[in-house]
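As written, the chains take the letters A, B, C, D, E and F, and residue 1 is the first residue of each chain.
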Amino acid sequence: MNSAVFDVLRKVTTATISTMLLKKGIRRCWMNGPKPLVPGGERLIGPAFTLRFVPAREDLATPESWSKPISTRSAIEAMPGGVIVVADAMGVSGAGIFGDILCARMQKRDVTALVTDGVLRDRAGVLASGLPVWCAGMAAPASVNGLTFVGWNEPIGCGGVAIFPDDVIVADDDGAVVIPKDLVEFVAHEGAEHELYESWVFTEVEKGAQLPGLYPPNEESKARYQQWRHSLD
Amino acid sequence: MNSAVFDVLRKVTTATISTMLLKKGIRRCWMNGPKPLVPGGERLIGPAFTLRFVPAREDLATPESWSKPISTRSAIEAMPGGVIVVADAMGVSGAGIFGDILCARMQKRDVTALVTDGVLRDRAGVLASGLPVWCAGMAAPASVNGLTFVGWNEPIGCGGVAIFPDDVIVADDDGAVVIPKDLVEFVAHEGAEHELYESWVFTEVEKGAQLPGLYPPNEESKARYQQWRHSLD
Amino acid sequence: MNSAVFDVLRKVTTATISTMLLKKGIRRCWMNGPKPLVPGGERLIGPAFTLRFVPAREDLATPESWSKPISTRSAIEAMPGGVIVVADAMGVSGAGIFGDILCARMQKRDVTALVTDGVLRDRAGVLASGLPVWCAGMAAPASVNGLTFVGWNEPIGCGGVAIFPDDVIVADDDGAVVIPKDLVEFVAHEGAEHELYESWVFTEVEKGAQLPGLYPPNEESKARYQQWRHSLD
Amino acid sequence: MNSAVFDVLRKVTTATISTMLLKKGIRRCWMNGPKPLVPGGERLIGPAFTLRFVPAREDLATPESWSKPISTRSAIEAMPGGVIVVADAMGVSGAGIFGDILCARMQKRDVTALVTDGVLRDRAGVLASGLPVWCAGMAAPASVNGLTFVGWNEPIGCGGVAIFPDDVIVADDDGAVVIPKDLVEFVAHEGAEHELYESWVFTEVEKGAQLPGLYPPNEESKARYQQWRHSLD
Amino acid sequence: MNSAVFDVLRKVTTATISTMLLKKGIRRCWMNGPKPLVPGGERLIGPAFTLRFVPAREDLATPESWSKPISTRSAIEAMPGGVIVVADAMGVSGAGIFGDILCARMQKRDVTALVTDGVLRDRAGVLASGLPVWCAGMAAPASVNGLTFVGWNEPIGCGGVAIFPDDVIVADDDGAVVIPKDLVEFVAHEGAEHELYESWVFTEVEKGAQLPGLYPPNEESKARYQQWRHSLD
Amino acid sequence: MNSAVFDVLRKVTTATISTMLLKKGIRRCWMNGPKPLVPGGERLIGPAFTLRFVPAREDLATPESWSKPISTRSAIEAMPGGVIVVADAMGVSGAGIFGDILCARMQKRDVTALVTDGVLRDRAGVLASGLPVWCAGMAAPASVNGLTFVGWNEPIGCGGVAIFPDDVIVADDDGAVVIPKDLVEFVAHEGAEHELYESWVFTEVEKGAQLPGLYPPNEESKARYQQWRHSLD
């Protein structure tokens, strides 16, 4: 994935991305659950690095399990810089998948962001770590209280959406969306055009224009937009 | 609805309004779902203007549908100034019913506020539009991803409450309530009295008074309150 | 409960407390529902004082019921200073168990905090009362709209957790946990040690250390930690 | 409660009972959750005997707890003949509150029926015990897996409805309703009349009559009904 | 809609219909909620006749409302023979939209079936009426306890699916699906072919054939199927 | 796993198995969701063979995907005889994971049973296939309508429980439980003893014995039980 495409996408809202994907028939791209822990931050983008949990079982989900070869600790050490980590916590709301220390380590490893349909713990410490987080809230108990970690970089579900390793994730104040890797170029190009068009519509609305015929545009509006569009070049 | 009554109601909390409606046997007046997008704003009031959605169907809920005569765009152009728009989105959490452009147009049309049991999209743009919004959150996808718009100014449900056109809506930090139009005068008058009484109780509590006998008042407290009440005239 | 133990616990996060309780086989200690009304406040601790509601029934849950001997008003007057009040509202989201006046009175009685799996009303007034609150949101209607108060200092459930009078409650930004009273000393002692250990790990991570072998520690890390630990004495 | 009133009520459907209670302003009388384990049985009636559970906590909810003075076993020995036991299991679906042995003992004690918003275990054994049961399903684990028993004959909630000891419970194929004890005579008398009226309407419908003007009746239908009604005496 | 197409569709399972609609990109056609009240009956088909409810409000949803011009009674008298009535009850589980009398009248009017995401009341009487029903369960209280009826033959949602008057409904043991009216011919033709193909596959499986290459078919299987297919003509 | 142990377990109810596992501290063993499609059948046992789904994505979950190497078809051909297949469908209620043909093929392959927290389709055909099924209901649409199949014999969650390949599954009228493979011998031995003890208790209850002191037993009851127990040898 070349960084130029990422630079384009960084200026395209997740709202617009989901509309571009709808043009390709894809309705299930927005994860229902993850919200920005700190709203108002910048839009982030990166290839997906997935984590998978199954429910806890008392003989498996113990503090001792944290030392096993398949552990969240090992997964973190396998994360390349620049990825957005997406964790399938099955929407479990009573077990924080990560706390301050693991977030701090991910930050050290240049992880771009953590996205999960589950919750985190140690709110103060997570904020202090500086790692951007999209999650479904906070809970005091550790992941072992409700979850068993079983692997990384497998296909997962997160917030009702399928995520495959190497899909691209974009997250902003409206939440997080996945772009199937084959559609990244299309979405970047079409999305950038769409943002330009919407910025023109917004200006028209500010001037007092009515919406029917403007958004979506009729032939006359299309012509006026094209005129404005060419004036930019 | 004369504006004097609205001016009185603007000083009555939604909490007090719901208690006044309970005196008339009405328990279902508070919409469970809509929350202020920006807490701490002023209390707003207006006649209800309703919007109705049904679920999406792939042959109906397309971007093309936005140009149809029955569309959210046409509905917006039909909104009189001063109304509070109430949108029945059936609590769908994965499709933003409106984004920045539609909110900006509603603001231009002097809509007082938008209330919905659904979600919006383009959080940054919606905030920039200045339109006061009570909703159940944010999602990136457009309404067509989960919803089909079918009409305006019909009876609807919103957050478990029935809303009819011309009912009166009041919204503040505790959410949004509906006042059936025949009860507006009653609620305004009784509500204002109740607020006065509660302000006196609050002062008494600040002085260290116990609650039993005071709130609700026994005969002695009623007499003391009446004395204070008359001293205001 | 001596205050020295409370002073120790005040420095132990609810995240750490839940991990210490897991060592004793207790997984159900964190209440799923109550969140801080104002995040970022200090951690609070106190013995539990419980309130119990059942569902509303129209012949019982009336404003008149507020004057009965078994009422929230009487319960408040029975609250000793320093307690954390835990109210079982069965997660009902449409009826505010308390508003500004009751919170103001609790504050006057030196109640440390109010924790509930239900909601409050009069958000502005509750904030003004200064009483620290952990709850599941806000609703305009009064408790009688959905709930009947039936007693205090009985065993209750709150957010999926059993609370008995005299259990100890700790609440911070990650929510609220209960410590069974027989385990308070254990949790305070082990928790304080664990916080110290985590602070050392955090420093190591800041220096760039990897997690496997460090968190949880292998023998070498344990030795290094003990060395650092002794250097503090 | 004299048995004559019970004999009348045994012929009144829970559907009709809920309509009679609505005339008195009571909407919350039908328990949402309990369903007949064996549909098609006869309608049952009895005074309520309540059981109360709170969530499990690992230090409390153990097999050992079954020997404690406050236990389901002791509660069963305190049940008078003829009661309908109503158990508040908070809708927990993963822990069977009773199995074959406890149901068999309740049957021996002439308990009329068991109603709960929770689930049972040992389906085959429960059926074999012959105790009529209204519940929300079946689960293999015992109550201690999710619940702690805390007392009997206290006010409880069950399926969103408040139940007080000595209220009257009626259960049939539509589920279970509570009649507040002060309204039992009213409901029996009005309900029997209503059943008679509905039987006449049903006959009219069978003959091909239209519903408007018949159900509810206009003046002409009222007169025709009265004529038929008097012909019965 | 000619009856020949209906006769073809009557032999196509709802499972196959949903697969045919998926070929046209339609995923939202099966109503999540309605189940057959009596499993094992025959498959039914008819044009949709819709009913719409909003939530109850105590000033609106009263027994008196049953006499109003816009009432379920009037709606029933407007139903043509052969329709399948689809009622949007918003999934409300505590208020039975219809009981024995209304079902008996619908049966008299030659209504083919009633489908709803809500519940019915008077289970015994509804069964006795003979009207085929797909619903989400049973409750004793009347519709006014939770619902207000607002109109018929409007677009509605039912079980997460949009239903428009004149769409075609098919219901069997797997539940109920809607076929948009423009797709009825396509679905009937393709569906009948698909049923034939599946019957051949089933026979092959009975003979011991493996699934890969057979279902879906590779070239060889397609050829063998065509041979068998032609042998039928 | 020798078949003798299986023969013992076949006589131990899932209720008793969950109680035996609780003795080992395991509370999460019963899957919340799967119910017998046909109640009243015999208890079944077998090693787990797992199937894993993630949510549908329109570019992945298509009828074409059924021909891919990683498909439910390939998974079925990999199933050894005697296994109990456990499918993680994430509780999705609107997409039937299997229909008549796939069930018929599994039956041909001597699969003992299918257990899932999702739903099936083609109810009539599935019943006709003879494959014993525990599921959460029925839906007409195919799995691709809501699910993407991603692999077999991986760790999964099902109904809130972790299942690993080679764990042992037991299913009866109370649902399905997992026995971690290391605990199978323990559960079989202790469970058989427990069933014997419960059969004695049941006889005592039939004779009119009270529960306290009997169940669980005090010293005197233990002695009487041992006497009876030895009389069997």
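In the analysis below, a contact is a pair of C-beta atoms (placed from the backbone, for glycine too) under 8 Å apart; a residue touches a chain by one contact, two chains touch by 3 or more.
Owing to the predicted nature of the structure, the values given are computational and were not obtained by experimental measurement.
**Q** Looking at the contacts, which chains touch subunit D and subunit E alike?
**A** Touching subunit D and subunit E alike, sorted by label: F.
**Q** Quick check on the contact graph: shortest path length from subunit B to subunit E, in steps?
**A** Shortest path length, in steps: 1.
**Q** Among the chains, which has its CA centre at the largest distance from subunit E's?
**A** Here the answer is chain C, farthest from subunit E.
**Q** Count the residue numbers both subunit E and subunit F use at their shared interface, divide by all numbers used there, and answer same if that is over half, different if under half.
**A** Homomeric contact, different residues on each side for the most part.
**Q** Please work out the Cα centroid separation of subunit C and subunit E, and write it as a whole number of Å.
**A** So the centroids are 49 Å from each other.
**Q** What is the distance in Å between the mean C-alpha positions of subunit A and subunit B?
**A** That pair's centroid distance is 32 Å.
**Q** State, to the nearest whole Å, the distance from the C-alpha centre of subunit B to the C-alpha centre of subunit D.
**A** Inter-chain centre distance comes to 38 Å.
**Q** Going by the touch rule set out above, which residues of subunit E reach two or more other chains?
**A** Residue numbers touching two or more other chains: 25, 27, 29, 160.
**Q** Using the contact rule from the top, write out all pairs of chains that touch.
**A** Going through each pair of chains, those in contact are A-B, A-C, A-F, B-C, B-E, C-D, D-E, D-F, E-F.
**Q** Could you pull out which subunit F residues touch subunit E in their complex?
**A** 63-64, 66-67, 71, 73-74, 76-77, 93-94, 96, 99-102, 104-105, 108, 121-125, 137-142, 144-145
**Q** What residues of subunit B sit close enough to touch subunit E in their complex?
**A** So the residues of subunit B touching subunit E come out as 24-29, 54-61, 90, 148, 150-151, 154-157, 160-163, 180, 182-183.
**Q** Going by the contact rule set out above, which residues of subunit E touch subunit F in the complex?
**A** Listed in rising order, the residues of subunit E that touch subunit F are 13-15, 17-19, 22-23, 27, 29-30, 32, 35, 39-40, 160, 172-175, 177, 198, 201-202, 205-206, 208, 210-212, 215-216, 218.
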